[in-house]
Every structure is written in structure tokens, then in C-alpha cells.
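Presented below are the structures under discussion, each in the form of C-alpha cells.
Next, two complexes with chain A in common: one pairs it with chain B, the other with chain C.
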Partner chain A sequence: MTATVFDGVVLGLQFGLLAAGLTLVYGLGGVLMLSYGQISVVSAIVVLFAMDAGLPTLGAVGLGLLAGALMGLIHDLTILRPVYRLQGESRVLLSLLLTLGVAFMIDGLLNWRYPLQGLRMRVGSGPIEIIGVRMPAGSVVASVITIVTLTGLLLFLRTTTLGRAVRSVIQDEEGARMVGIDPSRMLRLILILSGFLAALVAVTRSMVIPVDVQAGFSITVLALIVTVVGGLGSVVGALLAGIILGIAYSIAAAQIGTFMSLVILLLAAAVTILIRPSGLLGVKE
Partner chain B sequence: MLQVRGLSAGYQGNDVVHDVSFHVDPGEAVMIIGSNGAGKSTLFKTICGLLPPSTGQIILNGEDLAGMPAQHLVPLGMSFVSPERHLFPRMTVQENLSLGAYPRRPDPETLSVVMDVFPRLAERRRQHAGTMSGGEQQMLAVGRALMAKPRLLLLDEPSTGLAPKLAHEAYEALRILRKQGLTVLIAEQQVPLAMAFSDRGYVLENGSIQMEGTSSDLARNPEVRRAYLGVV
Partner chain C sequence: MSARLGDATGTSRVGGTEGLVSRSLGRLMAPIVAIVAVGCLAPIWLGDSRVYMGVAVTGVTFACYGIGFNLIFGSTGQLFLCVGALAGIGGYAGAILADTAGLPIIVSIILGTIAAGIAGGLLSWVAVRRSLGVIFTGIITLIFTLVYDSLLLGLGNLTGGENGFLIQSGSGSFMRRQIPPYYVLLGLVLIFLIVHALLRRSHIGWAFRALRDDEVAAELAGVNVSRYRVYAAVIGAAMLGLAGATYAFAAGRISPSTYGFAQVDVVVLVMLAFGGIGTLFGPVLGSVVFTIIDELFIELGQLREFIYGALILALFLWIPRGVIPTLGEWLKRRRQRPG
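Coming up: the complex of A and B.
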């Protein structure tokens, strides 16, 4: 049982990292980015090819993270331009449609050109023992990277002037403009950051399970579920929801079977929306 | 300092403000009075860049700012306090004030001036803005605007939601700030407060300037007295 819970925490941290970028982009700009999982997959393929080309692992990972950040920036500069002209619900809807189009395009392209590729990073040799539970080294390293990244993200948002400026746009966009903060610049920054996080998800995930070219949509769907449960715009909410859902997922997989795990996740999301429409740590509008 | 010429503005092509012209000289306090719905808020939102004008010029220190977005006007020395306040509710008083100085670090001297003028803010430093009373939020909104060290402060209805005693206190604080050289443009429905505070004023009705003069002249004008001061 302890091992199952541990697996759940490992998975939950992944979920939290998955949702952090998506939730910030939505909270800041009212943009629902459904191409998120594809950014992740493209980054994974970049890492794979860089490693095949003979780059050392760290260099290849760096290149993959750069590719993710760049894709976030390209979203901001191209496909999201018309979205920024709209406000409120129509903005959410147009962003959903356009990024879904991007997702289909990338998915199609990857399936056509590289149907059999997948990234699997091997970390360490044997399992590592933590309070009597033997965990695969990959899971432990992935979790450590995730914890460090999310801590860094929270520190950035809470203690730096730039991070506070980002939060101010989430809390009151007009107020942010009144003190001289340009919301579109903050959104660009967050899109670059979330592209980076999507790429990091690919890297840490590949230490636990292979990330293949078909993984895009399942990554986006998982991120969406965690984002909804955690509350749109809240990184702490995403982390909390991620860990709760990760543990639920693992227990369901161990006790009932993997086929029920996703259903359990959706059920948890549905119940959360019924009880708290704005999510665990979301703010009522 | 500020010259507005032939300004028209509104929402979705329907102008609410028509061909408005007025000016504010350095060191002055100028009021814009008018009944509810006269267009004061639309006029202020347009001047501070939250709403694009349809025609006209907004000249601050010789530079035409018409059509520039709000976030670019703050560094030029103009700050705006809205009746809706637009604070950051889940940040502390301290964080709200710090962001007022964005992108610079908050200047300790300005911060202590703000805390002197509004001692309540010093007491509530660590409280979240969203949990404070309306009066405290109003003080914070003014304090946050001051952190940018504006030369011109636009105040739209600073007495909104304040009990009479607090409204008087707010105006006392504004008098202190004026003595320190701040230029103020103020819109107010509680006309007696604004009249006692300002040097000159304009009467805005149906989106156009109907009258202008020194505050003491306006206070003696029979029409103004009947319409805004409740004198029959």
C-alpha cells in the first residue's frame, strides 16, 4: 500500500508540473492551450534526435527545453494574435479552437514522419530505497526535478517583482495596467515559461514511462483535468490537485485496474466542479 | 501640464463624451463635476488610456498621448485612481504598494510619505487587500497610485463608498499631498467636497463642458448651486 501511495505521489508531482503551465496561461490570458501536450511531445522528439546525433544527455535536454520555450513564444507571436483581440468567453473559445488545430497539425505531422519514435531516458542503475520502499531511480530523479522546478516557480511568482507583476494580471488586469504593467508582455513571458514546463514534463515523464509521438492528447487531457480540479490560475492548486489525483489514480490502478484510473480521475474532477465550481484553490469571479 | 482638446470618446462607436476641451496647469487642483451619467468616468478612462478616444488630443507636457494604452502613461508621470479601485485582492497591502512602483523597486521615501498620509495602511501592511474595508481599500488605491511618483494624479470619485467622516479624511490627505507639489484632476459627485479642495472646475453635462470657472465663482453661480449644491 505504501508503495502504491508513493507511486501516486510520483505521478501526482508529474500531474502538478503538467498543469502548472496550462493553469497560468489560462489564469493570465483566458487562453486555453490545447496544443500543450504536442509541445511536450515535440520537445521529447528534439531531445531524442539530439541524443541520437551524439549530444551529451544534458545538452540534449537543454535543447529540448529551449525548443519547448520557443514553441510557447511562437504561439504568442502567431496563432494567438487573433485570440488577443477578443475578450471573455469568445477569447477562450477561439483559443481552444485554434490551438486544437495546431495540436491536430503537429500530431498528424509527427505520426506521418516519426510514427515509431519515443523518448525513454534511463536514469541510474538499480532502485533507490526510501523509508523502506524501493523506488525506481527514474521516478526519484523525476520527482526531485519536479519539486525543485515547482518550488522555483512559486518563489518566482511570490517574491520577485516580475513574478508579482504576473500575478497582478491574473488578479486584476485593469489594475495591472493602471500601475504600468503591460499584460501582453506578461502573457508572452508566461507562454515561454509554459512551453519550457511542457518540455520539462516530457523529460521527467520519460524517466518513468516512454513518451511516444501519440502521447500529446493524453498529456493535454490530464493537464486539463488537474487544472480544473486545482482551480484555474493557481499553481499551488495545480500541485495539490496533482498529488491528490495522482494518489487516487495509483490506488485505482492497483485495486481495480488501469482501465478504471482515468474514469476515476474524471469522476474526481466532476465531483470537484459540483462542490467547488472554481476548483480547490480557484477564486470565485 | 495637461491639455485636452476636442476629445470625444465612448463605447462601441457611441460617443458618451463630445468635443471636450480643458486644461490643468502644474500645481493646480482641478475638478470636473456633473451628475451621474454625465460622462465623467468615460472622460477619465479615456485620458488615462483605458479607453481609446474617437477623436481629439490629450497632451501631457507637450506630448500627445491620445490612443496610448494606460500601461505606457504611468512612466510619463500620470497615475489614475478608479472608483472601482482595481486593487490586487490576494496580495498584501505591502505588495500592492510595491507594485505601484513597477518596474522600479519601491522608493522608501515615497513609501514613508504614503504611510504618513494613510497611517491605516502601515497598520495593515500584511493584510490582504481583498479583506479590507471599502475606506481602507480606497486609501490603498490612492497610496498605490502615489508609489509611481506621479506628477499628475487623476482621481475619479475618491469619496465613493466612504462614510462622510472618512471622505473628509481622504480629502485632508489629498491636501497634504497637494502641498508637496502634486497636481490633481478630480471628478466628484459630492460637489461640496471637491469645491472646497480645488482651484478651478468644469461642469460636465451630457458629455459636454457646460461651464467653467474658479471654484469660488462656481460655488456662487446660482445654476451650480441649484443643480449640485442642493440650494433651492
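Coming up: the complex of A and C.
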């Protein structure tokens, strides 16, 4: 049982990291980025090629993270321009449709050029034992990276002036503008950050399962569900939702088998959304 | 007016002829009959080729999906991301009832249609009761699609799982020949168009327009917004189920990708956006154009996906309202120009 819960927490941390970038972009910009998973996949391919080219692992990962951040910036500078001119629901809808277009373009190119590539990072040699439970080294390292990153992200948002400026835009864009914060600059920062996080997802995920070229949409959909359950714009909510869904999934998988556990995960998400449309820790609009 | 997305989602007023409801029944039906009559001619020059007739059958099936989705999303603004799932419920229910339970084909299709209608109605009812917005309706219906997908694979001994379902019933009937299924599905297009046109003309159509234009004002004027949303979803979903089930018996084999999200939902959304969301003939125009485009680019393989993506971008950036409303506006301006 402890092992199952442990598995769930490991999975949940992954879910949380998956949703963190998406939830910030949505909360801050009202932008639903459906190309999120594709940013992950492209970053994974960059890491893969950099490693094949003989770069040390850390350098390759650095390059991948840079690629992710760059793609976030490109989104902000190009296709999100017309989106920013809209408000409310039509803004979300246009962002959803345009990024869906981008997702298809990236998927098409990748599937055409590199259909069989996939990133799988091998970490350590044997399993590591933590309070009596043997865990694969990859899962442990991925979890540590996730915890460090999310803690860093929260500290940035809570304690630094820049982070507070970002949060003020999430809470009240007009008010933020009045005290001299430029929301569009904050938005650019968040898009770069979420591109970076998407790339990091590719790296940590590849320590547990291979990230192949076709993984884009499933990453996006999973991130979307965790985001909504956690509450839009809330990183802590995303983490909480991720861990709850992760544990639910693991327990269901251990008790009744994998296919029903996915159904249970999805139903749990649906029920949460229906009971609390604003999410676990979301702000009511 | 700049390219507001509100137009694309059908929340704005579609000016001019669209707003006129008091046209006579004959004038309402004439364009529908004309379009379907043109469609009847397609087998004359495609009929010899098994491949092209197959493409044509898929094309009319997508026209049916487009009309069903248009009724739900275009008329009442409910973003149902489960078009394929609803069609698949019709298709799989029809196939299983006919083959495994041994019911007559026509009964199986009707039951499949009813099942899809109920599923769509329930989804809409839940969304309306919890007053979910466009995006949350989209997410709930997306989750529905994922659940449907995992059940399809998980209940493999019933559905055939990844390998698909080979339908034995009706294997000797006219539905498996080259041309008849095309006419059956074209008949569905005709019926769906007439139903949609009549709905637009009736008091239900008034209610649709009112709640699309301004939900709060409609509610205040006494329109029962939630009830009409559920109506639209039930009718639209039943259309999807009927088309999905009919296609299943024409194809003879269905698999998860027959009704997959990428294969159906995304395509239908693009077709509808191209033709014009909320317009009567938008889905028909969209399905014709995209069936042809798809066939032209078939040799590009995976690059087709890239082209689809680029088309989605171009569409929503430059003609977010779709071809039919944009053309209509252009024609109207030309006519109004003096001289």
C-alpha cells in the first residue's frame, strides 16, 4: 500500500509540474495553450539530438530548456498578438483554436521528419530505497527536480517583487495596470517561463517513460485536466490536484487494472469540475 | 469591424438575409433541394471508382457530422468536443446490437441514434445545470471523449478494441455496394438540412438566436435558455449518432480511429469554421472543400497534418467568420454600392 501511494505521489508530482506552466498562462493571460505538449516534445527532440551530437547530458538538457523557453517567447511574439486584443471567453477560444493549429503544424512536421524518435533518459543504476520502498532511480530524480522547481516557482511568485507583480496581474489586471505594472510584459515573462516548464516536463517525464514524437496531445490533455481540477492560475492547486489524481490513479491501477484506472482518473476530474467549477484552489470569478 | 472571434462563435448578429425568418417555406427549401440535387450528380463521374466513391461517402458523412455539431455549437454556443464520441456511440451501439445481439439493422441504427441523443442531452443538461461556460463545456466533453476512448479499448471483447469491429450484418445488402450508401447518407444530409432550416424558422430558432445574441436579455425576455440548449444538444447528438451508425454499416468495419478525436472532432471544427459557424450551409461547403483538399494532399502523408494546422491558423486569423458570412457581406456591400 505504501508503495502504491508512493507511486501515486511520484506520478502526482509529474502531473503537477505538467500543469504548472499551463495554469500560469491561463490564469495570467486567459490563454489556453493547446500547443503546450508539442513544446515539450520539440524540447525532448532537441535534447535527444544534442546528446547524439556528443554534448554532455547537462548541456543537452540546458539546450532543451532554452528551446522550450524560446518557443514560449515565439508564441508570445507571433500568434498570441491577435489573441491579446480580445477579452474574456472569445480570447480563450481564439487562443485555443490558434494554438491547436500550431500544435497540428508541429505534430505534422515531427511525424513527417522524425516519426520514430523518442527521448528516454537513463538515471542511476539500480532502484533507490526510501523508507522501505524501492523506487526506480529515474522516478526519484524526476520527483526531486519537480519539487525543487515547483518550490522555486512558488518562492519566485510569493517573495520576489517581479513574482508579486505577476500575481497581481492574475488577480486583477486593471488594478495592476493602475499601480504601474505592464501586464503584457508580465505575460511575455510567463510565456517564456511556461515554455521552460514544458521543456522540463519533457526531461523529467523521459526519466520515467519515453517521450516520443506522438506524445504531444496526451501531455496537453493531461495538463489541461490537472489545471482545471486544480483551479486556473493556481500553482499550489495544480500540485494538489496532481497529487490527488496521481494517488487515485495508482490505487485504482493496483486494485482494478490500468484501463479502468484511467476512467476513474477522468471521472474524478469531471466530478471535481462539476462540484467546484473554479477548481480546488481557484478564485471564483 | 475588426475580426472579433465572437463572430466566429456565432455570438454576433448575422445581418441581412440570415435574420429574415418570415420567408416562405418554398424559398427556404429551394436552396437545400438545389444543393442536394447537385450532390446527387457526383456518382455520375465518380461512380466507376471504388476509391473515389469511398471518399465521397466519407465526405457526406462529415457533412452530416458538421450539421449536427453546427446545431449544438453554432446555434447555442455549446462547445461539444465529443462529436466523434457521439457518432461512435451510434456506430458501436448499432454494430454491437446488430451483430452480437442479432437485432435488425434498422432497429440497431435507431437505438444507436437514441443512445447518442441521450448522451448528448445528458452532457448538455449537466453543463447547463452547472452553468458551465464555453471552455468548461469543452473540457467536460473532452473528458467524455477520453472516457469513451478508454472504454472502447478496455472493453475489447465487445468492441474489438484496437483492431476494430468487423460488421457481419448486412454484408450482402445494398449498403455494401459502391454507390447506394452515398445516396443513403446524402438523404441524411437532406433531412438534417431540412430539420435545421425548419428549426431556425420555428420559435425554437427564435430562441436560439436570442440566446446566442445575448443570453441574459433572452432569459429576461422569457426564453428558457437552458431548455433550448438541451433541445439543441439532443437533436444534434442524435444526428451525429444516426450518421455514425449509418456510416458503420456502409463501411463494414469500424475502429477507434473511425470516430477518433483527431480524425473527426478537429476536422469537423475546421470544416465548420471554414464554411461559417452557425450558417445553414457552412458544414456542407466545409465538408466538400475539405474532402477535396484531403484527397489532393493524400500523397504528402504526415505533412497533411502540418497543412491542416496552417489552414486552421489562416482561417481564424483572416476569415474568422467563415466563407459564407464573409462572402454574403461582400455581396451585400456590392449590391448596396450605388451605380
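Simple rule for what comes next: the second predicted complex is superposed on the first by the 285 of 285 C-alpha atoms of A that agree within 3 Å, B and C clash if a C-alpha of one lies under 4 Å from a C-alpha of the other, contacts with A are read in each partner's own complex, and residues count from 1 in each chain.
We adopt the following convention: a residue touches a chain if its C-beta (ideal position, glycine included) is under 8 Å from a C-beta of that chain, and two chains touch if they have at least 3 such contacts.
In this text the structure is predicted, and so the values were computed from the model without any measurement.
K.L.:
Based on the superposition on chain A, does the combination of chain B and chain C result in a clash or a fit?
P.N.:
After superposition on chain A, which the two structures share, chain B sits beside chain C with no clash.
K.L.:
Chain B or chain C: which reaches more residues on chain A?
P.N.:
Touching more of chain A: C.
K.L.:
Touch check for A:155: first (chain B), second (chain C), both, or neither?
P.N.:
The answer is neither, since A:155 touches no partner chain.
K.L.:
For A:77, decide between first (touching chain B), second (touching chain C), both and neither.
P.N.:
Touch partners of A:77: none, neither chain B nor chain C.
K.L.:
Mind checking the angle chain B, chain A, chain C on Cα centres after superposing, to the nearest 10 degrees?
P.N.:
So the C-alpha centres give an angle of 90 degrees.
K.L.:
Output check: A:271 vs chain B and chain C. Expected answer is one of first, second, both, neither. What do you get?
P.N.:
Neither partner.
K.L.:
Quick check on the superposed pair: does A:178 touch chain B, chain C, both, or neither? Answer first, second, both or neither.
P.N.:
first
K.L.:
With both complexes superposed on chain A, which partner does A:167 reach: first (chain B), second (chain C), both or neither?
P.N.:
first
K.L.:
After superposing the two complexes on chain A, what is the shortest C-alpha distance between chain B and chain C, in Å?
P.N.:
11
K.L.:
Considering the complex alone, what residue numbers of chain A touch chain B?
P.N.:
161, 164-165, 167-168, 171-172, 174-183, 283
K.L.:
Taking the touch rule as given, give the residues of chain C at its contact with chain A in the complex, in rising order.
P.N.:
Residue list for chain C touching chain A: 2-6, 8-9, 11, 79, 126, 130, 132-136, 138-140, 142-144, 146-147, 150-151, 153-154, 262, 266, 269, 273, 301-313, 316-317, 320.
K.L.:
Could you list, by residue number, the parts of chain B that touch chain A in their complex?
P.N.:
48-50, 69-75, 79-80, 82, 84-91, 95, 98-100, 102-103, 105, 144-145, 147-148
K.L.:
For the complex, give me every residue of chain A touching chain C.
P.N.:
Going by the criterion above, the answer is residues 32, 79, 82, 85-86, 89-94, 96-98, 100-109, 111-112, 115, 217, 221, 224-225, 228, 259-260, 262-263, 266-267, 269-270, 273-274, 277.
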